[in-house]
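Same chain, two partners: chain A is paired with chain B first, then with chain C.
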Partner chain A sequence: MSSRTNHDRTISDGSHDAHTLDRVSAVNPRRRRRIPGIAAAIGAAIALSACATDAPQDTWQPVGENAQKIHDLQWPVFLTAGIVGVLVFGLLAVTVLRFRDKGQAMPEQTHGKPVIEYLFIAIPAVILAAIAIPTVGVVMALADTDDTECVINVTGQQWWWEYDYEVEDDGTICGFAPTAAEAAPIVTSGQLVIPADTKVLLRGTSRDVIHSYWIPRLNGKRDMVPGRVHYLRLSSETPGIYAGQCTEFCGLSHANMRMETIVLEPDHFQQWLDNELEPYTSPEEGTLAAAGEATFITQCSRCHQVNGLVDDRGTDDPDDDTLVVSYPDQFVYSGAAPNLTNLMGRNTFAGATFDLLTDECRADVWEADPEVFGERYLAGVTEDCLNEIELREWLRNSPAKKPMYADAEMLTETDGKTRGMPYLALSEDQIDELIAYLLERK
Partner chain B sequence: MAIIERPTDTPAVVSPDAAPAVATPATSYGVFRRPVETTGWKSWLFTIDHKKLGIMYGVVAMAFFVIGGIEALLIRLQLAGPDGTVLSADAYNQMFTMHATTMVFLFVMPMAAAFANYMVPLQIGARDVAFPRINAFGFWTFLFGGLFLNTSWILGGAADGGWFMYAPNSSVAFSPTNGVDFWALGLQITGIASLTGAINLIVTVINMRAPGMSLMKVPIFTWMIMVVQFLLLFAIPVITVALFLLMFQRSFDATFFSVEAGADPLLWQHLFWIFGHPEVYIIVLPAFGIVSEVLPVFSKKPLFGYPLVVFSGAAIGFVGWGVWAHHMFASGLGPISVAVFSVATMAIAIPTGVKIINWVMTMWGGKLKFTVPMLYAVGVIVQFTIGGLSGVTHSVAPSDTQQTDTYYIVAHFHYVIFGGAVLGLFSGLYYWWPKMFGKMLNERMGRWNFWLTIIGMNLTFGPMHVLGLQGQPRRMYRWTENRAGEGFFNIGFWNLIASIGSFVLALGVLMFFVNIYVSHRKGTQKAPLDPWDARSLEWITTSPPKEHNFDRTPTVGHLDEFFHRKYEDRGEGDHHDYHQVATAEEIVAEEEAKGDSHIHLPSPSYWPILLSLALPIMAYGVIYNIWLIAGGAALALLSMYGWGMEPHTAPDDDYDPPAAGTELEVAAHG
Partner chain C sequence: MFTTGAVASLAGTVAYGVLAEGTMGTIGLVSATVALATLAGIVIFTRDANVFADEPDTFDGAAANAARPGASMWPFALGLAVTTMTLGLVTYPAIFILGAILFVAGIAEWILQAWSERASADASHNAEVRSRLAYTAEMPVAAAIGLGIVIYSFSRVMLGVPSKTSTIVAFSIVATIVLILGAIVGAKRSITAPKITALFAVSGVVLIGGGAVSGLNGERHIHEHETTAYIAAKDECGAEKTYADKHASQTVAGKAGNAEVRLTAAGTLVHRKPGDETDRSSALQLPRSNANNLLFRNDSDEERRLVIDLAPDYEGSPPRICTTLVDPGGVQLITVNFAVPSFAPEITDIGGYRFYVPGVSSAELEVVVP
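And now, the complex of A and B:
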């Protein structure tokens, strides 16, 4: 069970409601208690879930305009359903009470009156028509993408999301021109960074099975299907971190396929963009991180790309350096692995399953007010804040931490390619080096 | 009027025109003596009596209910706390796949088949179903299919792709064990059982109703079963095609779902849900039928708006075909399709609402007696209404994109399936138990059974509404603290409540089995002939009924025939004054006295069970060795040949001479 540090307001709401329930039941005889009780409980649950403030994936806390449109449509439907429920249960309760066998005579053997029947067809038909009309309107409105301001490619694979920011014809990315460097496509994973107040269109597909992109507070979910391109709108005026989760069952580690959408003020987004495009700098020679670079090249770079990383081992001639380009399609069934160029600029890893931040530092970012959020997010993961324990566990034996494939012997079915990161048998020294190296990737 | 057309030495008394359909050869076919036992294990193994088959359907379905329930408890144990370690990710995925598959295909459907088999012939005044041997074949095929499916647990792991088995996650690369093969072939086999059962019952209801029973005098349960059989008749072929595609995809390198070869994975979803949505009504309509039988009996009133309930059942049967894509609102169909299916889904709420209101209005003005079957029936009204109303919230497609694949949906369909179908089936068990076994189930235990079940189900599935709206997706083998939130709606608290609730629910179900034991202990009294003051035809015979059901084929003048034989309205004009003119005992005694002198029932047969046995052998062959298919096919051909050449009835000299005056003399061979 979750630790409940913050149970003052919401709990008192709950107990207040329990009193209401008691009162309802107290006036009713024993039999009748259950039915209005259930109705009231459901009503209370629905009413209360509307004012809960604390679940990161709460579907009743819309932020962006898309989620808001859905919410404006759905709450009256919930309310209507609740009222209909109370009426039906009320009628049932009266029936149960009034017509109990108290020795009355055998009732008339009749199949009823047609007028009542037609009435009971007409009433729900009218209610449903009243729901249907705005529903069709919102379906159409949500599908309208004419005013899109920024397109980002999203690709799902077992069990993480890749984001690919294209360079537009005018040399901008998402409407922003890089300050120093030349614009180049940005490839990241796990955390999608978008500018606030911008109508973003995700253009999504999948490299293996069907996944579903869902950030509840920003919009409903959309399946990303291999061989097809599907679109999903996201936008928000409020900077912050919005949690989501893959919601189409996608195999073994479906539960460990998460994502966040990060909304930044335009200034901050510009900073993020410039940082992403900054040229690669090698660690200072002789440091642990420098050793980590060499280890990374031998152990990780087959699958994981770090933009601008060069392999200068075995040569003193600076012109002879080879650019290290990963080729994950040789090893991973989906053909892709997360780009680690700016790993520590994000604060989760392995399909946004684990935190790169320690609990306190995480809370500082996740619970930051919109005004200060951008700065804290852009600070990235510092040495003090690094959640070294989980990163270390991950490097030691990733399939033990996040199930990757059920049975290594079954790899023949995928031509020996793994689904997700395999066990690499790294030594503790290598892990130390890698962590030092990765800490500089931001 | 069509009565059972069976070869008889002399034409049946009630239908002098009916010529014998098949001549009876002088000896039974083959080298084996035909099984003619009426007691002992052989009388069950080779029986073609719809009542014995009905009971066997029920027993097997209950066994699978227990298995599916244990799977559910393991799931809830795993999710009771964060980062559960009861099951591995792999085991969890198998568990939820098999829980759904077991509950849908191996419990609810066959349990409804149990009642359909047992009650439909009795309700329409027939002596058996139209094709008794096909009926036996259907049962054994279901049983072997279910066993085959479950052997995957010990043969490398069960299916792990979810009961919806979306492509391409069902392909060998993503699911390399044989689990999905077992799943596809197992469901193919149980599908054959459903299909033969559907044809059998449709023919039975259309052709074999008692004289005077026009379609609008058919008891409502039989009507609902008939609608369900038509749904099965058209839905099963769709899943059959889908399963064949899947089998060829996995076993023979076909590329129906291979994206790299140009396939569109959405093909599977359409095929699955065109079957899958009617399946929802296949599951729930039999229970609606039971509730519509039980409520009038304990309200002492006919079903309110009987014609409308019939038509709304049929309407659900039709409209149910036009709503499948509401399972796919998030799959990127495009706004036009989504809007159309959204509105169609709302439309289906109307006939469903009609049923609820008709049930309440049946009770209105009645003389209500809250026996255990009645409690369950009222339970259905309450719980199903909750499920129906949450259903309306996700017929609104944009809202559904927030709710689909979350626990909100899990809550919704458990209120529909457990609250609608399963509670309805329990109502039927308590209601018809004295008819089937001649003993009453204990009322006191029954109340414990009912209340624990109701409390348990609301504790289990109620919190799932909260979990889903708080954003907890389905099919996750674990949830973590840092996405749980805090305060009243934190996911941890409600997951724990749901897990506790599942054990209360399990205790409630356990009470049912305890009740069977308590009620059948030595010394418990035999049930009276008409314990509930019932209204329909199945009560105009002994409990349990004789092998031939009715001594005389009843003639029907009213929808509630039995009621009208018992009571007479002596009032005038608008004033009604009902007097009991006959007791059940008197009515049954009269039927017995005027019983038909020659009743021929078909004899038991070896061939149905043998033919069924051939199917899993072939299925193992598909997975392991192609020669096994040939072996299974040989057995199938042999069985079909033997079956085809076998006369309906064994010749008299196959039977031991019955003692004069025993039931067997009349029942088994005239």
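And now, the complex of A and C:
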């Protein structure tokens, strides 16, 4: 009751508002002078952020042929839209300020000016047509795949990308014939490796939900839909690493579903290819890595495939080896887990979320000139450069490191299968062994 | 203070208990005595005893002099609802829900009726007041129930007739009769309400009766159409025609499928993938643990089907799947999910993955699952 009385009193005599206004007006002059400065600072910060050099996912720095086509289209479109925007908002501001109510007489009211009306229709129509014609042309050009030189299959799943390289009719992969080994499909993840100056066709799909593949500096984005195959052209003349990000919300760790495309000079790509096809070599007996191999078989191989890995335990016959085959479809909702055959040949792990290289070594690769980039990338992860902290944390408790739907109590809707890697309760000794083993996988 | 019946019942009970010595009979008679005594107590409590004729105020205010409530079916409905709910507790939840709905409806209707009867001293006005409120809910519900009964009865009749062709005949006859009757009613200048009511009543009885009879007789046998998974499970992926092949679609669109596998006129299998217009006879590479939607196009002169053998005895995966028989020039979809890679022992033991066409020995296509 009393509050209503006070409220009524405040409204009736306006004392509260008047007091507030007096207080504000007493302070305002100084603050008011600051406002333009603050606004200018914020505007400058926003504008200057466009000049950032460390912006690996910048569409305004195209490298690929298709990205260049998009760029060539988008800058005049943005320019036009910017001019139109400035004109419209400028005129609006002028109108509001200049013709605001100052007690003047009502101006003359007119209507029915055909010239103005026709102009207001014609100008937007011309602008839209000027944008539409090249847009349609670019869309058609981006869909052109007739001159494909290399085909790679891309499969998205929560929350990483798998790549498998097809063997062509002539026994080559992306036009490169293996030097020593026989050509066979290559399966890798996280980093897509392609030869420079080659028109690569990605055939993409998904194993669980809709994802979207986007390497901004190489091309536009493409949705990857379960049960469908969509394709996307990538190419670059310049060796280097080009980062990307899943751009279709796909669950808990969508923000951590990254990808990197590695462009290598042809001779470096040949080296990478040959390395990928090299037969599996077991760690030297009695070493920590050998113990890690056994740990890998018992703890990891149900989901993770290492090509050529055999299990000779429980038999004295050296020829009686059992090929270790993973069955991730029985444990993981998407039915897949990254192939770890040459893990240390990559720079990243866990869906390109974490670096396998230390900051210094990573910068050494990322900031390398195109001429030396291939050599540095192909060096892979050495013992000195291994980012052991991140890898150790991941093996210790992966769901804590990267949010994943892997809680055993929340798996009824996925029929007991995890999304992503579950907590494995590995001992520190097992982690030491696994790191030693994985370090040799390159 | 006891009524004659209660006294007589008490005396009879004592006499029976002493002379006949029947325990059950005595219990029954004691129960009857208690019931009659209770009724007697209620009557005595409510009958306004000892009212004198020279006390008009007392006479007018007596409960027995109050206006008698009208006849109501809702207490009966509530009793039925409670019985239904009890029955539902020991049988099916649906029966309990039905009883609960009836209970709520009965309570609402009873309250509404009691309220309307106190609206005025005029019974017809009270009835109108009740109708005005109740009809807004009663009419749509009654219409829905009536329509539901008609549709359900009609569907029983349609499903009960011996063949699919008979349903067309029966439907045509019913539709014709309805049309003729409608035309007759429309042509007559005047028709009395009882005649229309009788017509609807007879139609309703015939329809509901027919539905009941058909429902009791059961539905005719309707053949379940087999899927490709079914014929695969039955191992009917041969060159012979099965029932599932009879009405299979021959025009499947799957532009974004993983690949198109084509049986050429020369009897070979080739494949083509999205983004590549070239026919290839080399191995077809497909991803593992994923639904690969593939088109099978039959460019041969005979009906053919595409078959692939998968991992035998692998949990959750059939050992073999196939398309239906595809007409010459036709297209059919086949969805293959490879649970295990090509290099797994269970697959190398069967010679690897390969598409083949029964009856065409030259039609084979290797499939690689990395």
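In this text, the second predicted complex is superposed on the first by the 372 of 442 C-alpha atoms of A that agree within 3 Å, B and C clash if a C-alpha of one lies under 4 Å from a C-alpha of the other, contacts with A are read in each partner's own complex, and residues count from 1 in each chain.
In this section, contacts are C-beta pairs under 8 Å (C-beta built on N, C-alpha and C of every residue); 3 or more make two chains touch, one makes a residue touch a chain.
Note that the structure is a prediction, hence the values are computed from the model and not measured.
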{"item": "Of chain C and chain B, partner touching more chain A residues", "value": "B"}
{"item": "First, second, both or neither for A:281, with chain B first and chain C second", "value": "neither"}
{"item": "Touched partner set for A:226, first chain B, second chain C, both or neither", "value": "both"}
{"item": "Partner chain(s) touched by A:403 [first = chain B, second = chain C, both, neither]", "value": "first"}
{"item": "Which superposed partner A:329 touches (first chain B, second chain C, both, neither)", "value": "second"}
{"item": "Residues of chain A that lie at the interface with chain B and also at the interface with chain C", "value": "225-228, 230-231"}
{"item": "Interfacial residue positions of chain A with respect to chain B in the complex", "value": "1-7, 9-11, 13-14, 34-35, 38, 41-42, 45, 48-49, 52-60, 67, 69-70, 73-74, 77-78, 80-82, 84-85, 88-89, 91-92, 95-96, 99-101, 104-112, 116-117, 120-121, 124-125, 128, 131-132, 135-136, 138-140, 142-143, 158, 208-210, 212, 214, 216, 219-223, 225-228, 230-231, 243, 245-255, 258, 333, 355, 362, 403, 406-407, 410, 413-414, 419"}
{"item": "Partner chain C, residues of chain A touching it in the complex", "value": "145-146, 148, 151, 153, 155, 162, 164, 166-169, 184-187, 201, 203, 205, 207, 225-231, 305, 307, 322-323, 325, 327-330, 334-336"}
{"item": "Residue ranges of chain B touching chain A (in the complex, touch as defined)", "value": "81-82, 88-90, 93, 157, 160-162, 166, 168-169, 172-177, 259, 262-266, 299-308, 330-332, 334-335, 338-339, 342-343, 346-347, 349-350, 353-354, 356-358, 360-361, 363-370, 378, 381-382, 385-386, 389-390, 392-393, 395-406, 454, 458, 462, 465-466, 468-479, 481-493, 496, 560, 563, 567, 569, 576-578"}
{"item": "Chain A-facing residues of chain C, complex", "value": "256-258, 273-277, 280-283, 285, 287-291, 293, 315-316, 335, 339-341, 343-345, 368, 370"}
